[in-house]
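Input: a single structure, listed below in structure tokens.
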Amino acid sequence: MSLQALAGNRSFLSLLFGALLVLPAFANEYWLFVGNLMLVYIILALGLNILVGFAGQLAFANAAIYGIGAYGTALLQVHQGWSFWAAAPVGAVLAMVIGTLLAFPALRLSGIFLALATLAFAQATQWVLWHWESVTFGAGGFRVPAPNFGWLPVKGDYGVYFLSLAAALVLLLFAWRITRSRIGRAFVAMRDGEIAAQALGIDLLTYKAMAFALSSFYAGIAGALYSGLLGFVSPEGFDLFQMIIQKAMIVVGGLGSVVGSVIGASLLVYLMEILREFKSTQEIVFGCLLVCFMIFQPHGLVVSMKRWLPGWEEPLHLVGRVAADASTRSGSYKGATPTERRAVERA
Amino acid sequence: MLMLSYLMATGITTGAFYALVALGIVIVYKSTEVVNLAHGELFMVGGMLAYTCYVMAGIPYIPSLVLAVAGAFVVGILTERIAYRPVLQHGLASVLVATIGVSFILKGIGRHIWGGKGDYLAFPPIVSPEPIEFGNIMIMSQQLVVLLAAMSVMAGLALFFKCTRAGKWMQATASNPKAAMLCGLRIDRIYMYTFAVGAAAAGAAGVLMAPLTHLYPDVGFVLFIKGLAAAVLGGLTSIPGAVLGGLLLGVIEQLAAGYVHSSVQDVVPFLIIMLALSLLPTGLLGARGLRKV
Amino acid sequence: MNRLAITLCAAASVATAIAAAGAQATDVVGVTDTEIKVGSFGPLTGPVYIYGKLAMNGIEVYFNKLNQGGGVQGRKLVLVREDDSCKPEGAIAAVKKLVYDHKVFAIIGGGCSNSTLAARPEIEKAGVPFHVVSAVADGIVDPPLANIYTTQLTATIESEAQVQWAVEHGAKKLAIIAQHDAWGRSRYEPMLQDFKRRGLQVIADEEVTVDQNDGTAQALRLKSSGADAVMLVGYPKAAAVMIRDSIKIGYKPLWIGQTAIQDLPALHNMIGIGGALSDFVTITTVPGHPDNKEYAEWRERLKDTFPNDDLSVFNLMGIGAAEVFAKVLDTAGKDLTREKFLAAYDTIDNFKSSIYPGPITCKGRHKCNQSPAFVKLENNSVVSAGTIALK
Amino acid sequence: MSILSVDGVSIAFGGVRALDNVTASFGAGEIVGIIGPNGAGKTTLLNVICGLNRPDSGDIRFADRPIGGMKPNRIAGMGLARTFQRSQLFAGMSVLENMMTGLHLRSRANLFAAALCTGRMREEESELAARAREALDYVGFAGFADRPGNALSFGQRRIVEIARTLISDPKIVLLDEPAVGLSLNRVAELDQLLRRIRDEKGVTLVMIEHVIRLVMGVSDRVVVLNCGQKIAEGRPEEIRKDPAVIEAYLGKLIDAGRAAS
């Protein structure tokens, strides 16, 4: 059934992934690397969107969890001499376990307060990466042996690339199916009305924990791939900027949309490479882009996709709908500006 | 004993930094329920403008300060216009991303204009730079200036909210936007001025601290994070809370650095945020934040 | 679904096949009869842009001067900048773009230690000549690679020099106060090893952060440890805060800085207290101060190209590196290849740079700059405090 | 026999006694109306019953088991459903998905089944969908299945919400002002619907309502709250002429009027 649902957007997705699939044949190493980054960020965005877009938990810890996945994978190889293939899953699970613990503060906090608590967690994680030198090698970072693809027809960069591609595809399919299942419905219910959700028998702790676990697992996998891709791990990769980028990806693509995550991630990675041309003014341009997206594409690109592309089948899970709903609910205040409407909403 | 008194004194003077930054954050959050993530950059803009007027153009200090604060005020209005008003009805996440966008823009502009003059721009102190005797310890007089400034800004804001009409409007809008609107207040405009006042506070902080923080495009970030910690500690909605939170944060930091080790100084604020939020979600003096049933 | 799967597998195998084939065929030379394309990467944005953008400005200024004089062997130098925003992935992407997209002849740059370290395998694989300008981590040139040279004092050299200066000037109790960020650690760790090597003990080991606004706590701890010399491994702000608050609590050890705080007048302004730097020496990459008259020409040239900017030490770092780089290019001769270019480095022996205090020697070593010079501030002008021979 | 009983329940918010020693019991298959002036504690009573607020004292029994202080979702699992004063239809879902969410506790599929999209999970999904459509049909909303939740009018949302509570075959349903904002003929429809639910499904309905016409018409019994205390209970016609109730609603005014005449 979920595959049927996929049909509407299959054209777009298979186009994108088809392109990513044949990319290695045509692209030079630089574009191969960019493509690989895209795949890693697609995984990150998928996970983060499950948490923020579907379950409505405005958490800011994903970058840190991503880092934990990367460090876990890399350190197991360096300290324990494990192979990448053994270390990666363990690293991902480690990230998942730690990420799941964040569900407990999430029980009491919501909105901006959850954001701040998780932000603090992320900064504290950075501090640990800096100072737990005996294990993490501190801020200086460390090299990671390249994954060994001995028994496969691919080698080096190409190996990591196709591994990321496979992982991204599988995780995309999982994300799609999960969000369309009763679990996805429970997430959206929590987001749109915790009280009503409880009254329908949805246990907040269970499902918040599940949402955090899922997104952390995705982040963990992405981290593992990232360490394999770079062959070098250091704290900078997982700082606040990293978090901001990921957040921007899902908001630009569309909160509460699986395809939106894919669009947002691939688009932003591509844009950031294009922006290189602006050299030292790229900060300014990037900032302007973010603001413009928020003003002109507030509910994410998938909304326009749905509007303009025939047969684009987007489930109603977009957070945007809630906002739209809000404005209709306060529609009684004729001529009210958006600000006023939201104010009334809050009152 | 001497060590303790030094650490306490330092804690309070650095805490005043955080308090001053936290004030601006609280003003904005109080009425708009949004944290302006470009606050740190507004701080930087204020400082840089003052530097341009005072050091580069040679304008006297007070006019420079006024100009810088005015400049920050205007930037605040712009921020509200491009990153808050048009985005608001699309939810918190959008506003956060938009204000992040603004912070990138401001940082980039700062780097472009002032970034080529070396790594740190030294802002000449407005009072004697020599440390002065204070009881059995020495204190940098400039730090006392910041402390006094924090207190007076707090008092000024209190008066502003109590006595001026604009202030009362902001209060009303903050506590009940619907009622305020039905009373015919243009809350659009009020939010705009709220942002502007918050920005002006950030700018003032930037100018006052410049001799101690020195100026560089990224000066605002860490102060913003610490100020945020202070504000959360104070409950995000209470002006005295912000000051209290700031001072507390400063003192705890110093004690940790002095008696545990200097390396833990930087993680303390974040541990505090986590604890504060998970143990007392309303902060020390705040009222909001609990899940509304 | 099945159909999808099959097509995927098919395409995958095809792609890998072609990829494997295409993987080898890359031999890039960014040289034409009229110009040489030189790449540079480093932070153009983000907090440490000074080590990238400003250094690159210096390089560009020097290249412009050469080009006005007809370039090197009749070829103009074209500088292509890429931002690594001081992040490993950024650096790898930047290097790949320079090598495979811009197809540059050589790279001169490298700002952040971590990101440059992360890019090293990439540079090694591509075999592109790489001249390090401002990144200090030893790992970038250690173990040596045929195609990587540096004219920057590396972290180890500076750290050892700091310690040795303290010892030679009669310090008995040595303390360290360091930033523990990537930059700081690349100096901090070799310093600890050097303490061990010399059988010295670290009396106090404190941390200061880049954005710290008050160092009283650290100063108190240092004072109570009774250290008489402090190795200061930090950026100017951290250094200024530390020295200021030490004076405040009446603690006056011998401060020994490194190249990040070589701009003494600026540091003095930041501290703001008269005579604050009386017991302060620091290593320098530039003997004088950017405002000194010997740099007048560079000040003007910089103003011409970047009107907003004032000549800074970081510009001079770039100029110095570019000077050596151009010298090597020139030595490599008219029919230029990467091999010849790299071979030419080995001819650089006791080269008198107009910027670096000591001679530059790449003959038989890849760390071309190994002569740390110390400077101090005397009645508001920077004067040499002497040099040391590393033991 | 009583299916839900509230015994001496009290709860206070910051000194204000929202409920003061309230005792009431609700029998199987009856419709009980709860009325009272604003601030009487009606919604609080519902919140306490369904576990959103924990009572300070007193105990609540549902299906012969104490449920005081249980988590809302546990209580819901035992077959107690409720609607809310302010529409709680999930805006981000279609009406059908809303209904299917109502079946949350009646479905089993776990994370892995969902991710791997196992055969059983697909069966379950289609089964849920079928039941959801059935339930929509029961309230005559079959046509709305694929509309987004927020595309419905207030009245429609109310009905769908009631359907969403019914879909999990609860023993008892608490309705918080179901008729608010409904036009007169819609109220009449609601009246019919509530009776049908009682008669055909044998579900107990507890309803807070201000539309006296509806509540007096449809209720078998009426409980009257005022200032957190139960001041009367009985059949509608008794309640109509209960002096305490009249006083609660109209204050001393009546007596004053009598005295004057």
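Letters are used for the chains, namely A, B, C and D, taken in the order the chains are written, and counting of residues starts over at 1 for each.
Assume contacts are C-beta pairs under 8 Å (C-beta built on N, C-alpha and C of every residue); 3 or more make two chains touch, one makes a residue touch a chain.
In this text the structure is predicted, and so the values were computed from the model without any measurement.
Student: Considering only chains that satisfy the touch condition with chain A, which of them also satisfy it with chain C?
Tutor: B
Student: Give the identifier of the chain nearest to the protein's overall CA centre, each chain being represented by its own CA mean.
Tutor: If one averages C-alpha positions chain by chain, the most central is A.
Student: Most C-beta contact pairs, which chains?
Tutor: A-B
Student: Taking the mean of the C-alpha atoms as each chain's centre, how many Å separate chain B from chain C?
Tutor: Here the centre of chain C sits 35 Å away from the centre of chain B.
Student: Between chain A and chain B, what is the gap in Å from one C-alpha centre to the other?
Tutor: From the centre of chain A to the centre of chain B is 31 Å.
Student: When the C-alpha atoms of chain A and chain D are each averaged to a single point, how far apart are the two points in Å?
Tutor: Each chain reduced to its C-alpha mean, chain A and chain D end up 39 Å apart.
Student: Roughly how far is chain C from chain D, going centre to centre by Cα mean, in whole Å?
Tutor: Between these chains, centre-to-centre, one finds 71 Å.
Student: Name the residues of chain D that each touch 2 or more other chains.
Tutor: Each of 52 in chain D touches at least two other chains.
Student: Please set out, as single numbers or ranges, the residues of chain B touching at least two other chains.
Tutor: 108, 111-112, 263, 266, 293, in rising order.
Student: Where in chain A do residues touch two or more of the other chains?
Tutor: Within chain A, residues 3, 131, 195, 280, 282-283, 319, 322 contact more than one other chain.
Student: Under the definition above, what is the set of chain D residues touching chain A in their complex?
Tutor: Within the complex, chain D touches chain A at residues 50-52, 71-73, 76-77, 81-82, 84, 88, 90-94, 97, 100-105, 107, 109-111, 113-117, 121-122, 125-126, 128, 148-150, 164, 168.
Student: Flag every residue of chain B that touches chain C in the complex, lowest number first.
Tutor: 3, 6-7, 10, 13-14, 17, 108, 111-120, 122, 124-125, 129-131, 137-140, 143, 209, 211-214, 216-219, 221-223, 254, 257-258, 261-263, 265-266
Student: Can you check the complex and tell me which residues of chain A touch chain B?
Tutor: Spelled out, the residues of chain A in touch with chain B are 52, 58, 104-105, 108-113, 115-117, 119-121, 123-124, 127, 131, 194-195, 244, 247-248, 251-252, 255, 280-291, 293-295, 298-299, 319-320, 322-323, 326-327, 333, 336-344, 346-347.
Student: Which residues of chain C touch chain A in the complex?
Tutor: It is residues 1, 4, 8, 11-16, 18-20, 22-23, 26, 44-46, 49, 53, 81-83, 85-89, 92-94, 96-97, 99-101, 113-115, 117-118, 121, 137, 180-182, 184-186, 189 of chain C that touch chain A.
Student: In the complex, go through chain C and note every residue touching chain B.
Tutor: Checking each residue of chain C against chain B gives 45-47, 49-50, 53-54, 57, 180, 206-209, 211-214, 216-218, 220-221, 224, 235-237, 240, 244-245, 247-250, 263, 266, 269-274, 306, 308-310, 312-314.
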